[in-house]
């Protein structure tokens, strides 16, 4: 089995721009992250334009859907901002792909102390290999169905509807 | 579902003792690691005496088996040194528990730069919730059955027999 | 000799607020930083209200001046945002204190990967013990007089006028 | 002014070898460390064979002395293991060079969590620019003369004789 990982940005992949003095996007951290994970699992990394998920449009979501449709892999992890992870998951869920698609992300960027990014990616990479075809959100150590998940923004965690 | 995590030491949990000038064991990093993972999944952490897995005896392995037998949880992750992970997995595999037991560890300690520990724990915590009852080793982004796994020490990765 | 360290915020001390999804200020990192530095040098830490130096007012600068005037220590390090470090240094320089006052800060927050914060604090703590009384900016491995320094914002470094 | 930095190894520069499962020496971290420090100060880095200072011989110390004698720079920082830092400082002190030579090191390796390495290097790089010619040890936020310093091994700090 080969796992496809699609990077779309989100908090996971934010980078501190020291000249601008703010968090933005640069080169994806994913190549370094995957190297660090010491994988022997074959992985195909697809880095899409990195963005804050609040800036994601319907066009962006359709392109993510196309990436999943065209991918030869049966298991896909999508790294995505948490704020609209559910919305993108709905677009993919409605498409009824015969694949496993697992969304994950992070509450603290990979490059900031105490980040949950690496744990979440490991978690998603594991469950993506075992779940039945469908679209899921994997956060906080739990797997949620795409149509029964929401982000509780005041607590910063994902919960069922 | 509640996940039990049993810490037994290994490279994952090693700590640099600056007075002795070497890697040894202090307090487990697991409480901090689990906090960082931002889990809503209920977890029961059991910290056993932390040791290098090359120092692990038959008595130690029997005690780990007893921990698994007596645990009320049906899904268990055991953090273990990689050098004899297979040997301990064999003891548990032979016991034919009606539980999921997933071994994981790390090639680089949690507190050292570029560690795979957090990824591996996330991976193990994910697959432990989905696998059929049995004993497994989860390393390098792959799941291995307890009776078909070995560590390739020159490459630093786990492979099938 | 005792060194006073006055924390006023700035990039050095910024903290990622995962619920708001942005860099802000929480508790100062300085107590942890100083512990990490393994000092036997006596240090008096004064944590003032932490702020972005672009938000610093004349009143804030007068209060920092008062802190320096009232401090029993003859050597003071002030951790400050880089954007108006020069302006605050001018207020203290004009006051002609019979003390060594060394401003420092960071281009990347202490809690973000590849931060210069710890290096800069060590540098400032060293030169503050050896310089003649006066007000200085210590950044990029160099010491600048308060009246001959400016931040080159496009390069992200301090230079003479 | 140009600062010469001579890397000789020691705890500061140790690297975890994941195949051997122990701390050893690989490529020096110094190029990355200096980049991180965002220096505009001109620096000449000299990486000598990296070693544990307990393994350092008289020949090694004579070669370090020669490096200092032949260097065109008037200010030199030597990164050295703490266990025999005093012994090497004595060799250089007895040579009565007309230069500033500042020894520093770390109690926790640069690549391990909570390391003092970056603070110490910043501290040494600062005082090396201001001290009178002579040989010094800069550790724990303090500067010690080469002939009045010793490591208190049970406390892990440097003190006067």
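Letters A, B, C and D mark the chains in the order given here, with residues in each chain numbered from 1 onward.
The definition used in the following text is that a residue touches a chain if its C-beta (ideal position, glycine included) is under 8 Å from a C-beta of that chain, and two chains touch if they have at least 3 such contacts.
Model, not experiment: these values are computed from the prediction.
A.B. asks: Return the chains shared as contacts by chain C and chain D, ordered by label.
C.D. replies: none
A.B. asks: Relative to chain A, which chain has the most distant C-alpha mean position?
C.D. replies: D
A.B. asks: Distance from the CA centroid of chain B to that of chain D, rounded to the nearest Å?
C.D. replies: Inter-chain centre distance comes to 38 Å.
A.B. asks: Cα centroid separation between chain B and chain C, in whole Å?
C.D. replies: Each chain's C-alpha centroid was found; their separation is 44 Å.
A.B. asks: Roughly how far is chain A from chain B, centre to centre by C-alpha average, rounded to an integer in Å?
C.D. replies: 26
A.B. asks: Going through chain B residue by residue, note those that touch at least 2 other chains and give them in order.
C.D. replies: Each of 107, 114, 156 in chain B touches at least two other chains.
A.B. asks: What are all the touching pairs of chains?
C.D. replies: So the chains that touch one another pair up as A-B, A-C, B-D, C-D.
A.B. asks: Touching chain D in the complex: which residues of chain B?
C.D. replies: Touching chain D: residues 11, 16, 18-19, 21-23, 83, 107-109, 111-114, 153-154, 156 of chain B.
A.B. asks: Under the touch definition given earlier, write down the residues of chain A that touch chain B in their complex.
C.D. replies: 3, 33, 36-41, 43, 107, 114-116, 118-127, 129-131, 138, 140-143, 156-159
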